[in-house]
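Multiple structures are listed underneath, in structure tokens.
Each of the next two complexes has chain A plus one other chain: chain B in the first, chain C in the second.
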Partner chain A sequence: MYKAVVIGGSAGSFQVITKILSSLPKNFPLPVLLCLHRLKHVRSGFVEALSIKSTIPILEPYDKETIKPGKGYLAPSNYHMYVELNKRIALSTEEPVNHSRPSIDLTFETAAQAYRDKLVGIILSGANRDGAYGLKKLKQSGGLAIVQDPNECQVKTMTEASLKQTTVDHIFTTEQIISFLLKLK
Partner chain B sequence: MNRYELGIVDTRNIIKTLQDVYNYDFKNYALTFFKRRVERVILNHNLKDAEGFINKIENDRAFFEIFLQEMCVENTEMFRDPSLWRVFKEDIFPKNVQDAVNFKIWFPEVSSGEELYSTAIILKKLNLHKNVQFIASSISELDIEKTKKGIFDSKKTEVNDANFKRIFSESELSDFYTIENDNAHWDTSLIENTKFIKQNIIFDDYPKGIKLILFRNQMIYYNQILQERFMKIIYNCLVPGGHLIIGNNEKVEYWNSDKDYTLINKTESIYKKKLS
Partner chain C sequence: MILSDQEVQFFVNTIKNSSGYDFSEYSEKSLKRRLQKILIDNNTDLINLINKLKSSKAFLEKTVKDITVNTTELFRDPQTWQTLKYRILPKFSENKSINIWHAGCSTGQEVYSMMILLNELGLLDKAKIFASDLNTDALEAAKKGNYKYRFNIGYLDNFDKVIKENPFNYEEYNDVPYSKYFKIDKVSDSIQINDFLRQKPIFRQHDLVKGGNLYFAKFDLILCRNVIIYFKYSLQNKVFKLFHDHLYTNGYLVLGMHETMLGEITSKFDKKGQAYRKK
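Let's look at the complex of A and B:
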């Protein structure tokens, strides 16, 4: 019943993301949109690092690329990543939001507009407030909002900011996030 | 805080107004982007909603120009992706501009001018600037004026300088700009050889005999229909063997243009138009 998963993370999220991506089945039925804060001057290496353990292919999408199930789409460095209503990726070099480009808020907000109640959004560990507004929009559009348990986060600012703005559906540990995703069809 | 959100019907009405009143056709802009920019204008100018926006823009030509500038996304910085500019400096420019006369370089959407000034500075450092003519188009008259005057955002100084150091480790970008109070200015003699063209969304008239086109991260704001239209024009403007540079995450295959070009540098998205 869900059509996509969108995940936002920053400081302290890399290991969590790696663990999640290594636990998904090869034929995971949904696309996974990843907006992770990253160094803007390091264009290469990140997608490779995520790919090492991931069971699904991870790619940095081209502008207007069609989103397909069973693939991970990582927001490229120094670009915002939007989802168009026709389920294509659109990239943008507009000004940073919350000092971030890519901005988690923008990926979440546009994904929520495109997928409405067919979207699962997950906010992970991070050191700023990016993602809180996006998760709120996702919830308002009928999506399912999940936040990593702040007690488990290396840096809890981002998850706490999200929890302050949104009554989320679940506060999950990494293990719980994984078992939840494994149940998606 | 809840931002004002533009609905689909409102968006269509706005696009229709811009078409009817000013003959600018935005319907083939990427929808997410267009919506977001209009929402921003509504917020920044206290226009409340779509109706407020339409009332204002219908009767206010100056405001329409402000809107057009808003639709031209500023270049993020000077020398974005320093590795591309190193390829220009070490390979493309020495090889192609050295013995050229009137080597034409076109910026189909010059927006805030960083790509133009970055190119000019590299050529100046190589002492090849006299061999080149720049052509800079924009849908925004305000951006053209700003670029001519060399005005830029002083907040970007730090990232600009750092990028420049990655290309010319021995020299300082500050040789080319001055900052007084909060005003930052490029040395405008860098762009003496520039012809500016104010254009509508798609060109009525476009330059010919272009040797190199720098068009990075601008077509991402269009949908595929408009992207393909631009690619046709670009193809006609560019001489055989001429270079086309697009953004890292753009791809000519998406516009059915892969047969027309050879990809000569994948990392930096540098294409060369085939000879026939």
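Let's look at the complex of A and C:
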């Protein structure tokens, strides 16, 4: 019933996201949109680092690329990543939002407009408030909102900011996130 | 503030009817975000904005400038510059002249990066540099060639990577001083491009939507990076056609790191990375 998964993460999310990506079945039926902050000097090599463990292919998409099931789309360094209504990726070099480019809020908000109630959104560990507004928009559009359990997060600022703004559907540990995703058809 | 698609359409139509600018084939998401930002920055709503656009030509011109995105850096994406340095520009070394068009040059950093590289390759004298943008404020800044030092400090690394180092030979190191090309003044927070570079390019306002070739020239190389991401697929293809028409055979079009050509037009180019060679 769901058509896409969108995941946002920042400081302390790398190991979590690697664990999630390595646990998905090779034929995972949905596209996974990833908006992850990275350190300024780690501009390249990130997609390779994620790909090593991931069971599904991870790519930094081109502008206007069509989103396909079973693939991971990582917001490229220094670009905002939007989802257009026709389920294509759109990139932008507009100014950072809350000091972030890519901005998790923007990826979540535009994905919510495109997929509405067919979207699962997950906010992971992070040291800022990016994603809180985006998750709220996702929830308002009928999507399913999940936040990583702050007690498990290396840095809990981002998940706590999200929980403050939105009554989420689930607060999950990494293991629970994985078993939830494995049930998606 | 949430704008509906109809409201964005209303705005686009107003601009179109009151001026020569047409944003109807701009990418929806970023156009909507730009409009939202304009409303917030002007502390107004759409109805008032529309009225002001209709009554003041100056305000309309300013709004058009605010819609355009002007992100640029010196030697942005060093891999692209290394491709230009080792693979593309040497192909033109026997040419009598090299015509280069920076389409969407913004505040000029790409133009000056190109001239610095050409000068290091001994090709600057035979190069003709054309640079255009929709935004006349950006063009004025480009002509001045004065940038904030603190904001650009990180990009000096890019200069080192492209100009001083050779990725294929780590022992090679060209210790080119920055002062050869620009003056750094940390106190006044400025990087000033040297006059011999500033005087060379021909800067002109040009709207890619309208097409046409304002220089009446053909080009060996066209750079258009992080411009077409703001265009819908239909407009992208019109722009690719425009570039194709004005490139010499074996001339190159270079796009931004995450831009790609799609559709029928691809058969008219050989693609390698971000560089497209006209067949």
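Everything below uses one rule, namely that the second predicted complex is superposed on the first by the 182 of 185 C-alpha atoms of A that agree within 3 Å, B and C clash if a C-alpha of one lies under 4 Å from a C-alpha of the other, contacts with A are read in each partner's own complex, and residues count from 1 in each chain.
The rule we apply is simple: a contact is a pair of C-beta atoms (placed from the backbone, for glycine too) under 8 Å apart; a residue touches a chain by one contact, two chains touch by 3 or more.
Note that this is a predicted model, so its numbers are computed, not measured.
> State whether chain B and chain C clash or fit side by side on chain A once the two structures are superposed.
Superposition check on chain A flags a clash between chain B and chain C.
> Could you tell me if A:E84 is touching chain B, chain C, both of them or neither one (first, second, both, neither)?
both
> Tell me which touches more residues of chain A here: chain C or chain B.
Between chain B and chain C, the winner on chain A residue contacts is B.
> Look at A:P76 in the shared chain and tell me whether it touches chain B only, chain C only, both, or neither; answer first, second, both or neither.
Both partners.
> Is A:S92 touching the first partner chain B, the second partner chain C, both, or neither of them?
Both partners, chain B and chain C.
> Name the contact category of A:S162: first (chain B only), second (chain C only), both, or neither.
So A:S162 meets neither chain B nor chain C here.
> So in the superposed three-chain picture, is A:E60 touching just chain B, just chain C, both, or none of them (first/second/both/neither)?
both
> Once the structures are superposed on A, label A:T110 by its partner contacts, choosing first (chain B), second (chain C), both or neither.
Touch partners of A:T110: chain B and chain C.
> So which bits of chain A does chain B touch that chain C touches too?
Of chain A, residues 60-65, 76, 79, 82, 84-85, 90-95, 110 contact chain B in one complex and chain C in the other.
> Quick one: in the complex, what on chain A touches chain C?
40, 60-65, 76, 79, 82, 84-85, 90-95, 106, 110
> Give the list of chain A residues in touch with chain B in this complex.
Result: residues 41, 43-44, 60-65, 76, 78-79, 82-85, 90-95, 101, 110, 113, 133 of chain A touch chain B.
> In their complex, what parts of chain C are in touch with chain A?
That would be residues 27-30, 33-34, 69, 71, 154, 226, 228-230, 233, 236, 257-260, 262 of chain C.
> Can you tell me which positions in chain B touch chain A when the two form their complex?
Touch list, chain B to chain A: 1, 30-33, 36, 73-76, 80-83, 217, 219-221, 223-224, 227, 247-251, 254, 267.
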